[in-house]
Amino acid sequence: MLRFIVRRLLQLIPTLGGLSILLFVWLQRLPGGPEYALLPDDATAEQRAALRRSLGLDEPLAVQYLSFLGRIVQGDLGTSLQTSRPVLDEFFLRFPATFELAVTAMLIAVTVGLPLGYLAARKRGTVLDFAAVGGSLLGICTPVFFLAFILKVIFAENLGWFPSAFRLSPGLSRTDITGFVVLDGLMTREWDVVADALAHLVLPGLALASIPLAVITRMTRASVLEVMGEDYVRTANAKGLHRTTVRTRHVLRNALLPVVTAVGLLAGSLFAGAVLTESVFAFPGIGSFVYAATQTRDYPVLTGFILLIATMYVFINLLVDISYSLLDPRVRAQ
Amino acid sequence: MSSSTPLLAVDELSVAFHRRGHGETRAVDGVSFTLEEGKVTGLVGESGCGKSVTSLALMGLLPDRGVKVGGSAVMRLSDRGEEVVEADLLRISNRRMRDLRGSQLAMIFQDPLSSLNPVVPIGVQVTEILKRHRGMRGTPARKEAVDLLYRVGIPDPDRRLNEYPHQLSGGMRQRALIAMAVACKPRLMIADEPTTALDVTIQAQILELLKDLVTEEGTALLMITHDLGVVAGLCDDINVLYAGRAVETAERGPLFAAPTHPYTVGLLGSIPRLDAPRGEPLTPVRGSVNDNIAWTDGCAFAPRCDHYTMECLQGPPPLVQVANGAGEGDDAGSAHVHRCVNPISHAVVVDRAVLESPAVAGDDEEERG
Amino acid sequence: MSLLEIKDLKVHFPIKRGVIIDRTVGHVRAVDGVSLSIEPGQTYGLVGESGCGKTTLGRAVLRLNQITEGEVWFDGRDLARLDSESMRRERAKLQMVFQDPLGSLNPRQNIGSILLEGLQTHGIGGPSDEEARGLSRSERRRLTTEDQHRRVVDALERVGLSAKALQRYPHEFSGGQRQRIGIARALVLEPDLIICDEPVSALDVSIQAQVLNLLEELQGELGLTYLVIAHDLAVVRHVSDVVGVMYLGSMVEEAASDELYETPVHPYTRSLMSAVPVPDPTVEDTRERILLAGDLPSPANPPTGCRFHTRCPWRQEELCDTERPELRPLHGEEGSGTHRVACHYAEQILSGEIQPSEERAERIVHGMS
Amino acid sequence: MPTTPSSNPSEVPGATGVPGVTGAEEKIPFHKRKAAKVDRLAELMGDRGDDGHGSGIWREAFQRMRRSPMAITGAVIVALFVVIALFSPLIAPYSPTSQAWGNEVFPNRNEFVGPRAGNWLGLDHLGRDMFSRMVIGARQTLLVGVVATLVGFFFGAILGGLAGACSVLGGRWGRQVDNVVMRVIDMMLAMPTLLLAVTVAALVGPSLTTVMIAVGIAQIPIFARLLRGAMISQGNREYVLAAQALGVRKRKIALTHILPNSMGPVIVQSTLTLATAIIDAAALSYLGLGNPDANFPEWGTMLSEAQRFLSSAPSLAVYPALGIIITALGFTLLGESLREALDPKLRK
Amino acid sequence: ESDRGGAGGGDEQPFVFASAGDIASLDPFLATDGETFRYSRQVFETLLEHESGGSEIVGGLAETWDQSEDGTVWTFGLRDGVEFHDGDELNAEAVCANFDRWFNLTGAYQSSNNSYYWQKIFGGFAENDEDHAPPEPRFVSCDAEDELTVVIEVSEYSSLYPGGFSLAAFGIMSPSSLEAMEGQEIGGEEGNPTLPEYSQVPGTVAGTGPFTVEEWNQDQSEITFNRFDGYWGDPAGFETMIIRAIPDENARRQALEANDIHGYDLVAPADVAPLQDAGFEVPTRDVFNVLYLAYQQDHEALADLEVREALAHAVNRQRIVDTILPEGGEVATQFHPDTLDGWSPNVREFEYDSELAQEKLADAGYEDLEIEFCYPTEVTRPYMPAPKDIFDVITEDLQEAGVTVEATSYEWAEYINQTDSGNCPLYLLGWTGDYNDAYNFIGTWFAGPSSAWGVDDEELFDKMAEVSGNPDEEERVAGYQELNEMVMDILPGLPISSSPPSIAFSGDVNPPNVSPLTQENFAEASWK
């Protein structure tokens, strides 16, 4: 197992290396440099040229890349052109927000999707099944930003049940320990902060959850249906086991295996999906920051964040693989 | 009379599947047989003739929807004391059936790998049945499981309990399945092609194990197979199934010595025998099961039969007692019945030249292409 | 002169593992030093338990598996040493019939194209060079197409299918018919040798017999040479002139078919033979059974000495676990010299000098408490 | 009517009489009896119907889909959408860009014009006929979906096909190639799709082409992996071995045997990608990377433009949103039922 | 509901205002963006300021100001009794300490994006660092003549003065904070500047404004202000004020409607009426901007005046103003808002007349004119609330006149690049004034040849230099009027509109006086 993990981690190096070159070349070729985004409209051509020079952007790409590599080896991803703060700091400043959002979305997706998919499979062909399948198809087909918008108009603007923006109500004082609002609130017993933070997570969480929810529901359903037809379930029934034993130990346990993989893949994509949701809900996470960075051609932020997100994605997949192999002894053997 | 009632009496069992857009498929169509304690009854037939469906119907394991089961399968559940408790397995409640399964009725499946849950250790899969039906848990359950595995011939059972199915060899998997089946000393056991997926040497081990089980525990065994060789060594009574119906039923002696239904004869003629002189061509049945006609139109086997007449196509042939003289002059009790209007008499069987007789096959083939 | 001569063939599959770069940490010795030769017009049967390396051997002959060591002489050439292009051409003369009739047919190709493919690949058919002289290119092509079509239809008819099958797809046929198509595919190239890897094990008994008959018939008509691989000893014996028995990558016994049946010498052959069920109750009841303990050991880590010693009832204290026996002609007896065994104690076993130890088999037979 | 003749050579029709026939039949001449038997048998087996000729897996899948309500719904939606898209200039009553009613709409004062006789779906914020824009928009949307899918399909298939073929047939060298290609695909996969699309779009500049390329590129690794996976699994099938045993060249095996059999999942994926492409295109438009040209209205752009008016004139956003959702749903339904129909597990 | 979120802070609930982005630095000197200046105006004050709600220059920290004859020496009389947040007192030395610090900055501070406005108004530094290529310095010295008199000398007169002194970038900080900043450099390696800590963590910088900075929460993009009780003027209306970023325009509106915030800037014109109807305060600022359609004259057809005139006639500017721009906007007749001195009533005007446009095009031989037309995506500017809508309307008009338009859009950064380099024949752009001087408008565009316009008119350039260099205010204004007339004769582009950008507040709030320069002083606002 350890060997497997080490192997996967080592494989990460060429992947990230390649990705960084790709990003580097690619991003630097984006039209319109930071000199246009950072200086006011009335700046002169000389001023813009001077800025390029002082940012080191006039160096040959290879030189830039090498110095980038040199820094990255020391754990330095450069500084944001936009805010002049280290990219890593920026990332960890915003990561907790996105992470909380992603976790919320995943929780919603899993807690609703699994039972729903399971029930749909059990009640195959009934109204419930139809609704679950139809609903999840609809979930997949509705553009996330539109859904987010609708949710906001209904539940924030018209009904006023949930806040429409931010991660925390302005002016609410809190103790910052980890950057994770809910966690900090729980640790310091600032219940108002916890409640407030949770309220802020509901709508964006729902919007972000729509696709994973749909996927998990459908996958669970398909997987449960498949497993219910397996021979070993028939064996379990032939042993006269209680229905619940059959369903939990034999059906669910196997049916969840492919779902675990799906959850991992989806978790990776959540960080990217957050771009849309976060911008609709003014949620201060990495998604909206990356988007702003594309607008201002903040190369270090783009390169750094995408590398970090990619690393995270690979890590999540590694975790999934590991958990998969823990769950499935057949894989463990290899 | 109680002692003479069979353990299980299956009467006119029929199973029909409904599928949208496909109409009805009668997978099993009026099959009757009985099972006795300490005896082995065989169900033989080619693929798709309804053997598995029969066994699943008895175990109540057919899918909930789209299936219609008819007939009855009355099982004597207990004969402690005077009172005989009987139940029709096809009618009792789901709950009750679950109680019976595993404790009174057990089943061994064909493919040992897919029949074991890949992600649950063997030990758990064995102990869960002990827990369910014998209320054992913890260490005693484990000890019992070790014992069971040892009894079915799994070496080093203690270690095997923690292993997963894929870590076992094919033979051991089948043994583990058998261990589960015998865990509660069921009175009736159904083995659905338990050795098809195994090598001959392993098959011999498993068959021996089953044989011992029957003789020592007095379990009734319903042996399902397509291999007449297996049946010859193991079964007491044999039912030959074709297209969902029993076409010939007999004790194994008469069946092998004097088969009367052309299908049985064909099956026997198909098997290359280790002890037959070499170079002699086999005499198989023509065509394949796809060539059946509906039983309602006549004998389903007619299109493949070298022996059929117009009569065969005159509606479903009835199951009839084999006219005596076909071998041992046995008493009426040991029924040798067949479903054929134009059976092969024993004398004919011996004369192979006659069997390789006219057929319409050639012409048919041209039409169909 | 033999048509095919295999000398000390070894096929090892590397087991790879590693952190970054895969290293070879061991080998699966699928075939580990097998020698055999097949005479023209003969049928050579190869039996053995699942996983003993039969398929690997068959594929190695066709170089579908990398050969680790050894020679494969075919038609005066060592196939093991041919470059891949010459080997590709050589394949026209060496054909193969596969176990899974459906799986070995491309579902998207119709029968015509399946059968034509080999002809087109090897440019078989069409006017000879002499005839072709003076013909225009399109004319030549037309003639070739016509000739190939004729050959295909011919092959189809030989296996008992009509030309109407040409336009149809594999899934529209029954199992037996599909296997016939597989045979026709091999046949159409007019090969010298056909390797049949479990040609019937996926088929129903009656169909199995049809296919076996067909194979024999074709041999009679066309004088083909077969290498038939199967795990069913009865089948192999039925079709073969010479039978080789494999165990764990090596050949343990080789003899003429009848001789092998009459006087099996190697303990493995004996137990194998005793395990094959015979569809005859009287035989079954009287037969002595040699039950083997346990399963086939892993070919990645074969036992030392005689590979079979871990399961052998005749095992002796000496030699068996230290020295690997060679395949050698049986001494003494009327042995025509064609009976070869790989056992240190073959003669003693044959003469009854050494008796099987009962205990090994005991535990299984009487294992039930 | 057996399809398989017995190979028994002695089985010649009419060689000997049938033994054991009853007296009643004895009077009929043998050949007549035989003919009657044949007729009767043929008659009995006649209603079983023929299995159909020359059909392949696709045809069978089609048969199955014809009975699936899901497939029918999907097909109807898609067909309707395609028809509208193809004939949109004929259907649209007005030019989609004509601001003929420009002086009737005041977005700055929140005054819009809803559905009315001349304008069935009302006017948009610049006084253009909403119905015409929706209809013409269908065409653009279809174009985006199709081209993006083709881009993903094409490059994905090349990459995946190369990797798959090399891995299956290329031996040791081939596995290296496969490894390298897979690393590249992994890299693309690790990059979040939307970010990938955003950067592509930013690179090329916002336009319809951009959206198509961006969405397409994001799909490349998916197609590539899918095809590679399918090819490797097909490559282990026995028919590939059979072709090798015939001596067919490896390149030909890859192209004519493995590839066609591996296309099933890829084709299913294309249908699903059409839906994804339409939705992703809308997202890109939302992020301001959509089609800048007003002459070619596209639903995604319309939707993102109309979000501003969601509270005052929700219909402006709802029409294109519904268009996108329904169309995507149509393709998804079709793709899913195609997947189901082609699933070997569900096939007998 | 007025106590939502009121748990923290004082007993009064904080006023929450949504901006479009986070601030860049606590030190406005380093910044170039409006959001930072919005923040800094609440905390720092400059020598001169604009009148509340107007664009006239009035005293800030200086009560009086004077220029020498040649306009190179400026004398400021400071307000007495002004206290910094950290307790320091405002005096001439404190002011000069600021100027001296700025002038003597080195290293990465000299990079054009860290001292943009300094370089624009006062040129380079005492020692110019070649790496960053700052221009020649224009600042000469700052002297404390007495306790409250500051004398600043520049090397040449420019119309940038005195307006330049009012720029938020030049907020005056306390001497103590300057001391604390001393030695804090812009860090990081070359090309990776990190701003010094004082500009990132509140506590060092201290101004004289009505609010003090309490906290800058970068992960929430939130900055918290407290009322400064020692403020010399009227105390701020809110005890606590929070400015938080919501980049998305719709999200800002929805947050206000959902009562998550109490005010926001950059209100979309379409939202003005609905918000007002719903009881929100949406005061409209005075117009201080111009939106124009530029004709890049390197384009062959556009080099022809007749074509330019034709296009001018082709566009129905009134419709844009009526339907797209916020109420109160008007069609611009020149590159100059009428709220600013130098506006001329006598410029040449162009009526909307599609037929005339067609005729003119035909005359010029361009009946089938095909032309590329660019617009920016993903931005709203105060002068250009919905670029795509405006673009669509103009496109429709042009097509009406027989012009075939090829649409091109760019993201803002790229848009500036493309239009600046003259790659767009037709494009939309505009300008909001920084301070009250005509040069801030036409001077930006027509002071010399530029690829943005492709105008090459020596006469115009000379005249511009002459007028802007004239220290006499009256003459200068007259000169600007002439210039405006001249520009409209040349017709380098079509001025479209001057429109009032709106700012929205919750109904519970008394809004501050809104400023045409978008320089609201939030101290003026209070709870109702």
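Every chain is named by a letter (A, B, C, D and E) in the order it is written, and numbering of its residues begins at 1.
To be clear about the criterion, contacts are C-beta pairs under 8 Å (C-beta built on N, C-alpha and C of every residue); 3 or more make two chains touch, one makes a residue touch a chain.
The chain list, named the UniProt way, goes like this: A, D = ABC transporter permease; B = ABC transporter ATP-binding protein; C = ATP-binding cassette domain-containing protein.
Given the structure is predicted, the values throughout are model-derived calculations rather than measurements.
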{"item": "Pair exhibiting more inter-chain C-beta contacts, B-C or A-B", "value": "B-C"}
{"item": "Chain separated most widely from chain C, comparing mean CA positions", "value": "E"}
{"item": "Separation of mean Cα positions, chain E and chain B [Å, integer]", "value": "91"}
{"item": "Centroid distance [mean C-alpha coordinates] between chain D and chain B, Å", "value": "45"}
{"item": "Inter-centroid spacing, chain D versus chain A (mean Cα positions, whole Å)", "value": "28"}
{"item": "Centroid spacing, where centroids are CA-atom means, of chain A and chain E in whole angstrom", "value": "38"}
{"item": "Shared-contact residues (touching 2 or more other chains) in chain C", "value": "174, 176, 207, 210, 213"}
{"item": "Contacts with two or more other chains, residues of chain B listed in rising order", "value": "281, 283-284, 286, 288, 290, 365"}
{"item": "Residues of chain D touching at least two other chains", "value": "3-6, 8, 202, 205, 287, 307, 310-311"}
{"item": "Complex contact set, residues of chain B against chain A", "value": "56, 59, 61, 97-103, 106-107, 109, 111, 114-121, 124, 128-129, 132-133, 164, 166-167, 177, 180"}
{"item": "Residues of chain A defined as touching chain D within the complex", "value": "14-15, 18-19, 22, 26-27, 29-31, 137-138, 140-146, 149, 153, 157, 226, 268-269, 271-273, 275-276, 290-291, 294, 302, 306, 309-310, 313-314"}
{"item": "Interface residues, chain E side, partner chain A - complex", "value": "4-9, 13-14, 16, 18, 21-22, 24-25, 32-33, 108, 111-113, 116, 119, 131-135, 186, 188-195, 200, 218-222, 224, 240, 242, 244-248, 250-252, 254-255, 257-261, 378, 410-418, 420, 429, 431, 444"}
{"item": "List of chain E residues in touch with chain D within their complex", "value": "249-250, 257, 268-274, 277, 319, 322-327, 375, 377-378, 386, 388-389, 391-393, 395-396, 399, 407-411, 414"}
{"item": "Residues of chain D touching chain C in the complex", "value": "3-9, 51-57, 60, 237-239, 241-249, 252, 257, 260-261"}
